[in-house]
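Look at the two complexes coming up: subunit A is in both, with subunit B in one and subunit C in the other.
Moving on to the complex of A and B:
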């Protein structure tokens, strides 16, 4: 198990480095002259050159990258070219927002897809068809569209939950919960639909398995049969899908944050991306990929824990 | 932003079959598919002919038209900066569809060749390709696109091309999986051996297989690309000059408080288009599955699970199917096809009733071909015709591939004849009768109940019966009506008695056993005249009450040990759970009891097995564990479904000895389902022989071996090994030895 986790961590680190390198190369090779953009069109050549030197842009790219990498390993992601703010600090301020909605969405997806999938597999009939329908709707309606509708209907028309803004957990637990409910829900719809479909399929298969019949023959309770035995065996396949869904979920956060006016990493990515603010873009990319990697390792560990063939030889 | 495909979809699609002409027709018969095609056609045409449909310029804004109401010059009103909503909607369709096409083309151009090469040649290219694919799939697409668009520039189509690169791993993995599954096929080997070049093999054999799943995936990727593209445009990334649904949503978002209706049009267009692509992909997959089913391809599909539609039944030629498990496989392998032509057959039988016996097909495998519903009719029809033309084949005749309805008719006719003789002066002395109701009617004597009470005249009476089953009928819904797999079966088991339930695969013996346990699948339709266990009417018990009885008083030992243990739980916890529930023991007491049981069933190291997972122990050990589990709550009745079939021969004898000693020790009643007369000779007190869902003969074991009455019984006995010494049957009535001397050939060893 330790070897298994160590491998996943190593692969995750490799992924972060590869992505960071690619991003750096892309930004460096194709970006227009950032110094000129920062100082403005009216600035003199000397001013541009000075700015260039100040940002270290006059050095060769490989050297700049090495510089960035050694700093990054120590937790220093540089300073924004435009605001002069420390990238590490601004990311740290925004991280709780994004993490809140993304993890809440993951939790929602896991719980709701399990309930829906199990119910569909056991009850079949109308409920089953509803889950199938949800799978199509969840695929066809992008999360930001769900977010827009939720914001208008529940946030504005009904006024049940705030349509914009984020309240830190430290300020008010209930306020925090209210402020992330709609964003998390809109993010989760797609993942719920896809995962519920998988839970349903696996459950249908498992419930047909011989050992379920044998367990029934031993007279164990229906609840234990469904939620202890059948679900446990159906869970690994569902986790695989959930892990894949989570990647899309992090991407979705970028758009959903805009709808709900949340100052998370996603909205920072949008603004820094359009400005060409390389240090911020680098920081955002690294953090987002890191979130994906960490959560996926956690889901892998859960997978291993659920599947004794992975855990014990 | 959902991801393209789940693992399950991937494997399901990867093993699909090539496109053929029937596919399109089948697709067009599906109303959902037609609706999707119509919607997509309308949207495409509307986008292409946008200039003809509206005279408005989608880019021209006018301050006076800001948020103009619908109607008049602007059919759908004006947007936040006074542009015509309808024009933007129509022209926006162009952007969406064209962008999606670009993305999917790029994905295919990269993914298909890479997948072909990686799947066909494997080696380093496969390793590198798979690594890259995993890498690309682990990155959120939107983040990559943000970076690329800020680096390269704001152009929707460039962004979509990059998104195509991000989609390509999905195509790569699909193609690779398809190619790997095909290249293992014999016909590809044959092509290679016959000297075809790789290029020709790929073109002739591999591309056709890959085609269909790729089309399905392309449909889904088109939908996905439209979703991602609209997300980017909503963020304000992409070509600013071009109208698009995403930028319309962006505008609607800006005016969400003043004119929320602006959301409706682009939102609906987006959702409708993507849903149409998605449903079209699903419909295509269903059509593929259906065509794979009806063309009855012999290529075995390896798919594991599939979220939609019926699964493909792997067609196997008659005789290759192992006869051990098909009748426990509910509903599919029952072989009681309702064929036409029974009448012709019965007619020929009537003409020569005496010679009919061996006709039933001596091979136990004969009826085990799992034939999916639709194919049943025509097949058994042909068989009947052939068989009807030559009814006088000898005992060694080749087995009929499908002995379904024909066999029934013979046995009825024949049993009828016999019953006339049997039910002569003293029915009590002739315990062996046909218990099928219609046989009784044929002879005009109702002897079936007599067979129960009269099995051992004088020794016992029906009052000490542990289990009484009367007139059990089990049927399953099938294409074109119902398929009856158990037809009027009656059984009695007394305390301390072992009843053998014998018959070939598909004779309904496992179904009978499951019916007693109440473990038939929900789609089974069960009716019983009487199902009484120790005075309790089981048919009337509710689910919870039946659950309390199962495991506690009626226990079950399955056939296949490895698939009957929950792979995710340690053996100990699986055994302890029912013990605690039924007997109310503490955790420690239950563990102690379980360890004792494991020792009792002959497991040398109970502690280790207790802490093991099922995949860590052998099949024989697993069967011992299952037996321990079955007897853990001291049941009164044990139902064992071919408990030794799946085991090695040496282990078989040990397990059988164990079951016999447990049965004696606890004085349990036992129903032993088997197709093996060796097992019957070993352990059973009485035997009921089942054929195509009905009990054709019931007798004490000794008598059955000594003088089998029903032709089917004789045939089954004759088909067991003839050259082996009979296993001694200790403690049996003297008749056994008599039988041994006169009828050796009939009771030999194991099949």
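Moving on to the complex of A and C:
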């Protein structure tokens, strides 16, 4: 298992380097002019040239990349060209916002999709059809629309929860929970729909298996049968969907963060990308790729726990 | 056990919604004291004034840094840190007397030496505020409360600029130590409360107990929450989380009003329309003929464009100068009333009876309605527009490099001299093909050296000449809607993209 994990970590590091290099090259090839954007439309050409030199944009791209890489491996991701803020500090401020809503959405998805999927597979009939209908609807409705409706109805009209903004967990646990609930729900709807369908399908297959019939014949309780045996065998497929959902949720967070005025990594990535703020874009990319790698490794370990046969190699 | 824990957390998340009550941390500006919460449209730029931007960025700097002058809502220059000032006969030496006894929050005295250090430091920067000080050739300190700014040439906008970010003063001790990157150190009415500030989402400013003019700032606390999304701004206003913000989307005005918010329309300081860069006809020969440029002006139904493409947020005009400035002449707005037949006639007289073709940058990603109106109305008089697809972040660079003969554009237009410097003079940045008109250059030279009513008269003369020569075909002076909650009032500020914080007061 240790060798297996070590290999995956090494592959993950290689992936981070490859993607970071590609991103830096793409940022250099876009032809954007961050110096002009920083100093504004009224600045003279001399001011733009001075800002370009200050940012190091007058140096060859390879040289700039080498500087960035050597600093990055020492933990220095540079400073934002636009705000002057340290990229590391900026990520430390924004990552908790995005991770809070994404992890809460993932948790909601895992719990609710399991409950819905298992109930549909076991009860079948009208409940099954209802769950499938809800899943189709939930999958079809875009998260930004859910976010808009939740923000206006629950945040503005009813005033139950904040319509915008984020409160750090360290400041107030209840405030944090209130501030992430609507964004997390908005994100979770699609993920719940997709994962519930997967859990239902896997459970239906497993419940038809011979060993389930045998267990029933031996008189094992229905609860034990469902949750100790059937769900454990149906879980890997659901886990795969959830892992993919995680990556999708991070992407979906971009829109949800905008609607709820959250200063997360998603909104940061889009604004930095459109401005050509290379240090911020690189920081965001490295961190997000690292998170995806970690999630995938965790998923592999979870597979191994659920099914010892896959631990080999 | 694991199952129970997961379920409990999920239920808590779902039910927390109904159990936790209102999330509003609304500003409580009902009386003197309390909190004013505003939502700037942009993220904060660095605290070091050498890296400071202008426009929407100014609200971040106003709480912590005091400026040499105070600009009134009608754009008059008033005393602030500076109590007296005068120019010499050549308008190149500005002698200023400073208020005494003012200290920065780190205990350093705010004296003439501190002002000199600031002006030179900001001037050496590379951002927008620095650009307004480039004409300063030196600063002479006479004594602790008197200094003289030396200019390489008269700058009619200098006093006004010194009442904004360019004239804000930071602690020279912090400048020398390079600590402004981690937070501001000024002498302003407030200080940044770092413990209640999260960079990028919430900036909290609390009163500076040593501030000399506390009465001008009624709020005990200012909170700035940058929000860039129009929907998030509207929701934050309606739910009472913020007290004021610009409504960038005209469609949000009706729901804002129905929620009891007060909407104030004001001139943003931008003028939009068709800007003609190739007035000498170097790229498109037709544009070198004044009749063709006048035809382009007659082609536009400005009132309809404002109504349909702008949601009413604009004041139709044929002038590039701000309506609040002394260069503006109301009668000029009726010079080119919508008349496509006359436009075609002028084109025919100039030898372009079948119109002509022109390539312009494609602005459909950011200004789709404006571009659609423009291309249609130009097509109606026979001008065929070929749109060049270019990434949004590269448009400015290409326009400034003189790649296009004309284009849709929104350009800042504040004080007359600023506008002339920005887009009229031969060397102006936004005269990218450097149209050279000796008569115009002579008028600009006279206006620069003049003062008072004589200068205003020359500004009007320049404006009239530009409209007659159809240098551009502007459509409207852009207007913004500013929404405020019932417990807050504010006064719009001429020549400012957003109202300064000192223009806000508790209602009643």
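Here are a few things to note about the model shown:
Rule of thumb we're sticking to: the second predicted complex is superposed on the first by the 299 of 313 C-alpha atoms of A that agree within 3 Å, B and C clash if a C-alpha of one lies under 4 Å from a C-alpha of the other, contacts with A are read in each partner's own complex, and residues count from 1 in each chain.
Note that contacts are C-beta pairs under 8 Å (C-beta built on N, C-alpha and C of every residue); 3 or more make two chains touch, one makes a residue touch a chain.
Bear in mind the structure is a predicted one, so any value in this text is a computation, not a measurement.
Subunit B and subunit C, once both complexes are superposed via subunit A, clash. When both complexes are overlaid on chain A, the residue A:156 reaches subunit B and subunit C alike. In the superposed model, B is the one of subunit B and subunit C that contacts more residues of subunit A. Touch criterion met: A:166 reaches subunit C, while subunit B stays clear of it.
Of the two partner chains placed by superposition, only subunit B is touched by A:232; subunit C is not. By the document's definition of touching, neither partner reaches A:98: not subunit B, not subunit C. Contacts of A:250 after superposition on the shared chain: subunit B is touched, whereas subunit C is not.
In the superposed model, A:111 lies in contact with subunit C only, and not with subunit B. Judged by the touch definition given at the top, the superposed model places A:45 against subunit C, while subunit B stays out of reach.
By the document's definition of touching, of the two partners only subunit B reaches A:198; subunit C does not.
Contacts of A:88 after superposition: neither subunit B nor subunit C is touched. Touched by subunit B in one complex and by subunit C in the other are residues 30-31, 148, 151-152, 156, 258-259, 274-276 of subunit A. Residue ranges on subunit C touching subunit A, taken from their complex, read 3, 6-7, 9-10, 12-14, 16-18, 20-25, 43-48, 51, 53-55, 126-128, 130-131, 134, 181, 198-202, 225-229, 231-233, 235-236, 238-239, 241, 259, 391-394, 396-397, 400, 411-412, 422, 429-430. Contact residues of subunit A toward subunit C in the complex are 30-33, 36-45, 47, 50-51, 54, 82-85, 89-90, 93-94, 97, 104, 107-108, 110-112, 148, 151-152, 154-156, 159-166, 168, 174-175, 177-179, 181-182, 184-185, 227, 258-263, 267-268, 271, 274-276.
Residues 15, 18-19, 23, 26-27, 29-31, 132, 136-145, 148-149, 151-152, 156, 190-191, 193-194, 197-198, 200-202, 205, 208-222, 224, 229, 232-233, 237, 240-241, 244-245, 247-252, 254-255, 258-259, 269-270, 272-276, 281, 284-285, 288-289, 292-293, 296, 306-309, 312-313 of subunit A are the ones touching subunit B in the complex. Across the complex, subunit B meets subunit A through its residues 1-3, 6-8, 135, 137-143, 146-152, 220, 223, 227, 230-231, 234-237, 249, 252-253, 256-257, 260, 263, 267, 270-272, 274-275, 278-279, 282, 304-308, 514, 517, 519, 521, 543, 547-552, 555-556, 558, 560, 563-570, 574, 577-578, 581-582, 613, 615-616, 626, 629-630.
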